[in-house]
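Report on one structure; see the data block that follows.
Labels run A, B and C following the written order; every chain starts at residue 1.
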Amino acid sequence: MSDVVNPKAAELPRLSNAYQNWYRFSRNPTAVIGAVIVVLAILAAIFAPYITPYPQHAGAVVNFRFRHLPPSGTFWFGTDDVGRDIFTRVIFGLRVSLTLALVVLGTAVPFGTIMGLIAGYFDGWTETIIMRLTDVALAIPPLVMALAVAAVLSPDLTHSMLAIAALWWTWHTRLVYSMTRQIRSQEFIEAAETLGASKFHILFREILPNCISAIAVKTSLDCGFVILVGASLSFLGLGIQPPTPDLGTMVAAGSAFLPEHWWESMMPGFAILVLALGFNLLGDGLRDLYDVQEVK
Amino acid sequence: MEFTLFLIRRILWSLLVLFGLSIVIFVIARAMPGDPARLALGPRASAEQVTQLREELGLNKPLVQQYVLYMEGLAEGDLGKSLLTRRPVNDDIRETFPATFELVLSTITIAFFLGVPLGVLASRFKDRWPDNAVRFVSILAAVTPSFFLALLLQILAGYVLHILPTTGRLPHNIGFVADMTGLVTVDALLRGRFDVFLEAWRYLLLPSIALMAATMGQIARITRSSMIDVSSQDYIEASRAFGVPEPVRLFKYMLRPSFVPPLTIMGLEFASLIGNAFVVELVFAWPGMAAYGVRTILQKDLNAVMGVVIVSGVFFVVVNLVIDALVGFVDPRVRIRGRRA
Amino acid sequence: MSESLLSIRGLNVQFSAYGRSQQVLHDVSLDVPAHSQVALVGESGSGKTVTMKAIMGLLRDPPARILSGEIRYEGRDLLKLPPRERKKLNGTEMSMVFQDPMSSLNPVFTIADQLGTILKYADRRLGRSRSGRERMARVLEVLAQVRMRDPERVAASYPVMLSGGMRQRVLIAMALLSEPKLLIADEPGTALDVTTQAQILKLLKDLVADRGLALLMITHNLGVVRETSDYVYVMNKGVVVEHAPAAELFSAPREDYTRSLIAAVPRLTGGMRFGSAGARV
C-alpha cells in the first residue's frame, strides 16, 4: 500500500506554503492539543507494560482486599470489582481501541480510495455499480452490521472489525469519487491524456496526490469515530474476550456499580472520550490547514 | 414537473437501496459460515432436530432459491418467525418500533432546533468566543460515546439531582396504553391526557439528549460552515450594500440557503443515529426495537436480527425521502432543475 | 471641491493576514461631479474594487483598515459618519450595480421578494412607509424601466429561471429602486457575452442620462469606458497614475501604463468596441 498512499507527492506542491502552514498550525492550539493527545496515546499503548504501575493487572488478577477503591494516590483511577488498578487497565485498553482503528482504516481507506478513483474516472457500469454499492452501505449502521455479523459468527473483535471495515470504505469512496470528478475535468489531466499517459499513471500520479490532504483529514476524524463504534460494540458485550482490558467492556462492567462506584465506568468512558477527542481535534486542525471542504 | 421527476428518481433510488440491503442481509444470514438452525437450537440439540429445522426453514435448498423464498416472504411483509420466541418477528417489531420511532423523532427534532441556532450563532461570531464555545461543544458532543453520555445523564439527573426518571417509557402505575399511534406523547394529546403527555416527556428527555448529542454537534458544525460559505456569496454582499438590516440578512437571506447541507447531513447521519439508539435504548431500558435487536442478537435469533436490520434500513430510506422533499421545499433550484445544486 | 457629489481625498487602506500586512491603496483621490459619468480603470489587483468597497462602506475590518483619508458625499465625510447615518445612504443616495448576475441574486427567493425587501428597508431608513401593494407596484415599475417585457412574470421568478442578461437587468433595477443620485457600477455585464453586455451598457447609459444620475464605472476594460464615461481615472498597484477627460486620455495618454491598457483593447469592426468582455475565468 505504501506506493499508493505517497505522502511525498502531496507535499511537493505545498512546499512553497510550508511557512504559512506551519504558522497556522502552531497558532491553532486545539490542533496542537489533538496531536499531543494522539501521540501520547499511541506511545502509552506501545509502552503500556513499562509505564503502568501494575502491569500484571491487565490480566486475570484477583485482589479482593482492594476491590471498589476510589481514586487515590496509589490507584489513580480507583480499582474495579476484583481489585485491579483501573488506570493500568485503561492504558492497556488503549491498545484494543487503537488496533481496531488501525486495522479498520488500514483496510478501508486504501480500498475505498482505489474504488473512488476508479468510479470517478471511469463512466458507465463501473461507476454505477460502485456508487450504488456505497448508497446501500449508507443505509446500514456500522454498529448494527457488526452486531448482525457477530450474531451469525461469534462475538469476536476480528469479526466486528471486518464488519465495520466492510461498510467504512464507502465513505472514502464517496469522498475520493467526488474529488476525482472535479479533478478529472481539469486541464492538466487532459494534457496528460493527450500525451498518452497510462490510466494507472493518471489515477495514481496525477489525481491521487490531489486527494491526499482530504483523505488525511477524513482518516484522522474517522479514527475517532471507529474507536467510538468499537467501544459501543464492546459495551454491548461484543468486544474482545476478558480478561484483556477493553475500554467499552470496562464501562459496561462498571455500570453495574453505579452510582456508588462511579469511577469504574466513568474513568474508562472518559478515556474513550479523550482518545476520540484527540483524533477529532487533529483532523479538524488538518482541515483548517489544508482548507478542505466539509465532506458531503 | 422536474421536481416530480426528481422525487421519482429518489424513490427508485430507495428501492434500489432496499434491494441491495436485502442481498447484504441475506448473505449475512445464509451464506456465511455458521448454521442458522444450529444457532437457533443451541449446541445441545440433536443432529436430527437440526436437520428437521433446516428443512422447515428451507435451508437445504440452493441459495438462489432460498433468496427468492426469502424475498417472497419480505414482499408480503413477512419477516419470518423468531427462531427463539416462536412468535412472528412482525409482531415483535410492531410492538417495539413505535417506541424507537418516538425516541428518534424527538431526537432529530431537538437536534435540529438546537443545532441550527448554535451554528448560526457560531458563524455570526466567527473566530470569537461564541464560535469557539459552539465548536468546543459540538466536537465534545461528537466524540462522547453515547453510552457514556447516557450513563452520565443517568447519574446526574437521576441519582444526583433526582429530577428525571432514568429508565423506561412511563411509570408502571399510570395506566395508559398508547393504542392509537403507538407514540405515547401523541396519543396522550389525542386523548386529552395532558398529565400523561408531560410525564412521557420527562421519560423521553434523557434518552433523547443522549442520542441527540452527536447529531446536534454535526448539524451545528455544518450549519456554521454553510452559513460562512453563504455569507461570502455575492448576493449577501449585495444585500449588505443595499442596507438590508443584519437580522433579516442573517435569518432570511443566509439561513434559508444554509438549510440544505444540515438537512442532507442529517439524512446521511441517520444510520449512525439508529446505531447509537441500540446502545441508548439498552442503558435507559427503553422498550424499543433497538433494545429488542440487541437482545435477539445476543441470543442469536437470526430472523429477528434480520428483521430489525431491514426495518432500520427502511426507516433510513423513508427518512431520506422525507428529507429530499424538504430540500426541494427549501431550495427552488432543486424544484426547478430537478437536482441538488 | 464642494461641487463634487462624491470626492475622495488621500485614501490609504491596508490589509492584514497571517501576521503580515500590506498597503493596497496609496493616497487615492478622485471626484465624481453630479450628473457626470466617471470611470475608474485598472487591472485586477489595482485597487479599484477596494476603492469601490470603501465608498460603499463594505470593507471589513479586519482584514481591511482605512489608515487615513476622507470620502465626502455632498460635503459630508462618510468615514466620520456614525454607522447608523452611514447606512441610511446605501441604496437610497448611492447605489450599486453588481458585477456577476449569476451569483449576486439569492437563489432561494423570488425576484419580487428580494427587490421588495430592499425597498422595504430603504423606505424604513428614510422614514417613509409603503404598503405591500405599493411596494410591489414600485418593483414592477422599476423592472419595466430596465426594459423587461413581462415584469409580472420576472417578479414571480426565481433567479435560476432567468437568463444572464435578465438577471443583470434585475441587478440594475435593484440599484434604481430608491432613486439614488449616484450609481456605482462594478464591471456590469463582464460575465455575459459581448452582445448582451453591449445591450446592458446601452441600457445603463440611457438610464443615467434620462435621470441625470452620476455614474462611477469600475472596470478593467477601456473599451467600456470610451462608450460610457466623460472622465477617466487610471489605477495601478493602488495608486491613481493618471486622470483626464476621456477624449484626452484616449488621444494623448501620458503614462506608459495607460498606453498599454489602450493597446490591450481589441477593436472589432462595425463600431462595437466591447472586446475582451467575458474573459473572466
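The rule we apply is simple: a contact is a pair of C-beta atoms (placed from the backbone, for glycine too) under 8 Å apart; a residue touches a chain by one contact, two chains touch by 3 or more.
Please read all numbers here as calculations on a predicted model, not as lab measurements.
A.B. asks: Could you work out which chain's C-alpha centre is the most distant one from the centre of subunit A?
C.D. replies: Centre of mass proxy via C-alpha means gives C as farthest from subunit A.
A.B. asks: Any chance you could check whether B-C or A-C wins on number of contacting C-beta pairs?
C.D. replies: Answer to which pair has more contacts is B-C.
A.B. asks: Taking each chain's centre as its mean C-alpha position, how far apart are subunit A and subunit B in Å?
C.D. replies: Computed from C-alpha means, the inter-chain centre distance equals 23 Å.
A.B. asks: How far is the middle of subunit A from the middle of subunit C, if each middle is the mean of its Cα atoms, in Å?
C.D. replies: 51
A.B. asks: How about subunit C: which of its residues touch subunit A in the complex?
C.D. replies: 18-19
A.B. asks: For subunit C, which residues count as touching subunit B in their complex?
C.D. replies: Interface residues on the subunit C side: 56, 58, 87-88, 90-92, 95-96, 98-100, 103-109, 114, 117-118, 121-122, 125, 158, 160-161, 171, 174.
A.B. asks: Taking the complex as given, what residues does subunit A use to touch subunit B?
C.D. replies: Contacts found on subunit A: 132-133, 135-136, 138-145, 147-153, 224, 228-229, 231-232, 235-237, 248, 251-252, 255, 258-259, 262, 265-266, 269-270, 272-273, 276-277, 280-281, 284, 294, 296.
A.B. asks: Applying the document's contact rule, which stretches of subunit B touch subunit A when the two form their complex?
C.D. replies: 13, 16-18, 20-21, 24-25, 28-29, 32-34, 36, 39, 139-140, 142-148, 151-152, 154-155, 159-160, 221-222, 225-226, 261, 264-265, 268, 271-276, 278-279, 282-283, 293-294, 296-298, 300-302, 305-306, 308-309, 312-313, 316-317
A.B. asks: Which residues of subunit A touch subunit C once you look at their complex with the stated criterion?
C.D. replies: Touch residues, subunit A against subunit C: 20, 23-24.
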